[in-house]
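Both of the next two complexes hold chain A, though its partner changes from chain B to chain C.
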Partner chain A sequence: MRSRSREFDSSTLNESVQNTIMRDLKAVGKKFMHVLYPRKSNTLLRDWDLWGPLILCVTLALMLQRGSVDSEKDGGPQFAEVFVIVWFGAVTITLNSKLLGGNISFFQSLCVLGYCILPLTVAMLICRLVLLAEPGPINFMVRLFVVIVMFAWSIVASTAFLADSQPPNRKALAVYPVFLFYFVISWMILTFTPQ
Partner chain B sequence: MLPQDSNDDAEDVSLFDAEEETVSRSTRSKIRHPVASFFHLFFRVSAIIVYLLCELLSSSFIACMVTIILLLSCDFWAVKNVTGRLMVGLRWWNHIDEDGKSHWVFESRKATSQENKSVSEAESRIFWLGLIACPVLWVIFAFSALFSFRVKWLAVVIMGVVLQGANLYGYIRCKVGSRKNLTSMATSYLGKQFLRQNTGDDQTS
Partner chain C sequence: MAAADDLAFHEFEEATNLLAETPDAATTSRSDQLTSLGHVAVAAGTGSSYGAEDEVESDKTALLQAEKPQPGFWTFSYYQSFFDVDTSQVLDRIKGALLPRPGHNFVRHHLRNRPDLYGPFWICATLAFVLAVTGNLTLVLAQRRDPSIHYSPQFHKVTMAGITIYCYAWLVPLVLWGFLRWRQGVQERVDPYSFLETVCVYGYSLFIFIPMVVLWLIPVPWLQWLFGALALALSTAGLVLTLWPVIREDTRLVAVALLSTVVLLHALLAMGCKISLLSSISSSRCLWSRWHLQPK
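After this line comes the complex of A and B, so read on.
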């Protein structure tokens, strides 16, 4: 493919800064689109980057704060908690899949897992909006429904990319940690209540 | 007339070329990309400053943490994609081929005869100084956060160590890859320093 073969010549050494920025931004945007419309696509995995996961992680951690941001005892530990859970969880899943003999590289797997947090970040946004309304069972049911739909979307998107890298009899073993990972994040989102 | 700079192997030292030598030496010590040099140091140093002064600047831990994370990410991207290319002509990246195997590619600009593409010494010094000093500082911060039990900062500090250490490692491999191997480079560097000191002593005595 043209976009990858250009790396072989040293023209990228002399390209302008604007070209570099636009190239990276387009790559990140393309990956977000691939998560929203998951399809089996090998070409996406080749150009991995971790910018999307970083943006999503920071956004999610910011939205999961309890209490006001300006107070003395602000949600410091919670912010770091979300960060640690997301990245440590992603690293653990990657190690697990590599130990099971998957032929996906470390950073590719981190990339896929990070980008597939996008539906859950959208769910968090929706939940925060819904929580502005009257608390009650209907409120809870709406949030539950949204979180379940987005959780399913995340799982479908990530298995579309990750499952192919495993031999057939190991697919379930590789996929269930992904299930757990997104389950924990969904749980944090569902049980979130602003003070 | 002894050669002052033993790096210039390709330049003749003769009476007629003395003027050209001083002119080329001054262009080599000029900074050709002031904006890139500024940003190379700006993001790293401001991340460190924000980390050290977080208590004074803002009472919000989260604001500080997000700011440091943003600065570290911008610094990583800028150093990896822009300042390395412009200032020292090196670049490294990861490439995944058809079989799904990942290759790390370390590229350095080949020494051409074009004058305007050669590496300026002042920029090279700024680049390597910034590249080496900051990860060392973050490692020191990591130990201090660990031992003084300020564990909530550990996530940020580890991120700093990882991102800046990755750039340092990548560029050292680019640099070493363009020479034969690390030990011969180290011995030749030490040999040159030794020679330079001795010829300097001879001239002043």
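After this line comes the complex of A and C, so read on.
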């Protein structure tokens, strides 16, 4: 009697590449929907994957990097700096949450934190479009409003998933680093100036 | 009658003997005789109103700590023991560092032999990012007043601020702890603080710098100096009051030298924060002129 997993394996080995890619893309897309409409659900936690965070991080870092022609010391972050901040920030927050006694696994936490960058990536896209118009205080106000709304959205989405994993007398201790993390990313988005 | 008097006197003597042995104890003894010394209650402490509770709690924690064996430093639970704090405890420690009181030793009263690493680590991280953000904002506000200044995000400030603050908050307590250990070897005295307790003291004392840096956005120079002096005074008062009981019995020269070094280093950190905010304006000004006034 063959086990179910072996049946499953042979069926995914024989399928076409398009099927495999579409299945993964659908999983990523489903998680994006969960982030955009945050409800208390376990989907992000149960089937974690790191494709979504990687796509989001690379997109954000590509859009945030400064050009190479201007002075090196005085610009915005480079691609590597954004990448390092996002991934090391997520790892630090996960370690902090585990050390405080949370019952969430390492990669589940990385998955949630990475996916909840989606609103801020959308904010970056909108900011870049807005910056194509002429600069001025209205331009800045629009960008500020968009970034604040998306920042709040990110925080709400991540706490909806992460809050239950901590004992109630330490929730604030676990949520504050998440707040700091998204604040820093929002700050990088808001201060982005094209050359 | 004589027997009752003897009994009452004996009880009182026993209480004073016990008190002489453990000067920090709180004793209550009540004689059910008809004498006028019906109720003898002695509560001696460090002058705090809840000395009795302190004693009971520290007894309990000492007992609990004696029961479980310390895990090895390669296990995860070893490091988990340093994050064994609640939100209310962290807030209470921050309050204790913000408002130092001469009777309350921060280590004995707030830490109570349970130092944590959460406070020092995240306070340093917050301070580094707040410095970078405030530097940026100072530049924006300066540009509003003086349009010749060119705005740029200056991201390298985050890295530099972070490295400086973390080095200060971890290396200086290491040196201080080593020095105190060495002096303890030279002169027998009260047990010094452990390394983690020193790191805690320094980490929590840096908290006052966060609102100080934010308030430095107000572009009035004398107000900035006032805030800086106030924050520095509060922070170093906390440090000095915590260190004083440990080096009180040392020679006058060593005590004064140590305290003045601690104060000086703290003042240098505050000056460093101020300079990093000022330099953002001057560096962007000279860079702008260099890039845009050169003949192409």
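Convention: the second predicted complex is superposed on the first by the 164 of 195 C-alpha atoms of A that agree within 3 Å, B and C clash if a C-alpha of one lies under 4 Å from a C-alpha of the other, contacts with A are read in each partner's own complex, and residues count from 1 in each chain.
Just so it is clear, contacts are C-beta pairs under 8 Å (C-beta built on N, C-alpha and C of every residue); 3 or more make two chains touch, one makes a residue touch a chain.
No experiment lies behind these values; they were computed from the predicted model shown.
Legend: residue contacts after superposition of the two complexes on their common chain; A:128 is shown touching neither chain B nor chain C.
In the superposed pair of complexes, A:104 makes contact with chain B only, with no contact to chain C.
Which of chain B and chain C touches more residues of chain A is settled by the count: it is B. When both complexes are overlaid on chain A, the residue A:191 reaches chain C alone and has no touch with chain B. Where the contact sets of chain A with chain B and with chain C meet, they give residues 70, 74-77. Looking at the complex, you find that chain C touches chain A at residues 76, 79-80, 82-88, 90, 118, 122, 125-126, 129, 133, 136, 151-156, 283-284, 287, 291. By the touch criterion given at the top, residues 59-63, 65-66, 69, 73, 77, 81-82, 85, 89, 91, 93-96, 100-102, 105, 107, 109-110, 152, 154-156 of chain B touch chain A in their complex. Interface of chain A with chain B (complex): residues 4, 7, 10, 12-14, 17, 20, 24, 45-48, 51, 54, 58, 62, 65, 69-70, 72, 74-77, 79-80, 83-84, 103-105, 107-108, 165. Chain A makes touch with chain C in their complex at residues 70-71, 73-77, 81, 96, 98-101, 169-173, 176-177, 180, 183-184, 187-188, 191-193.
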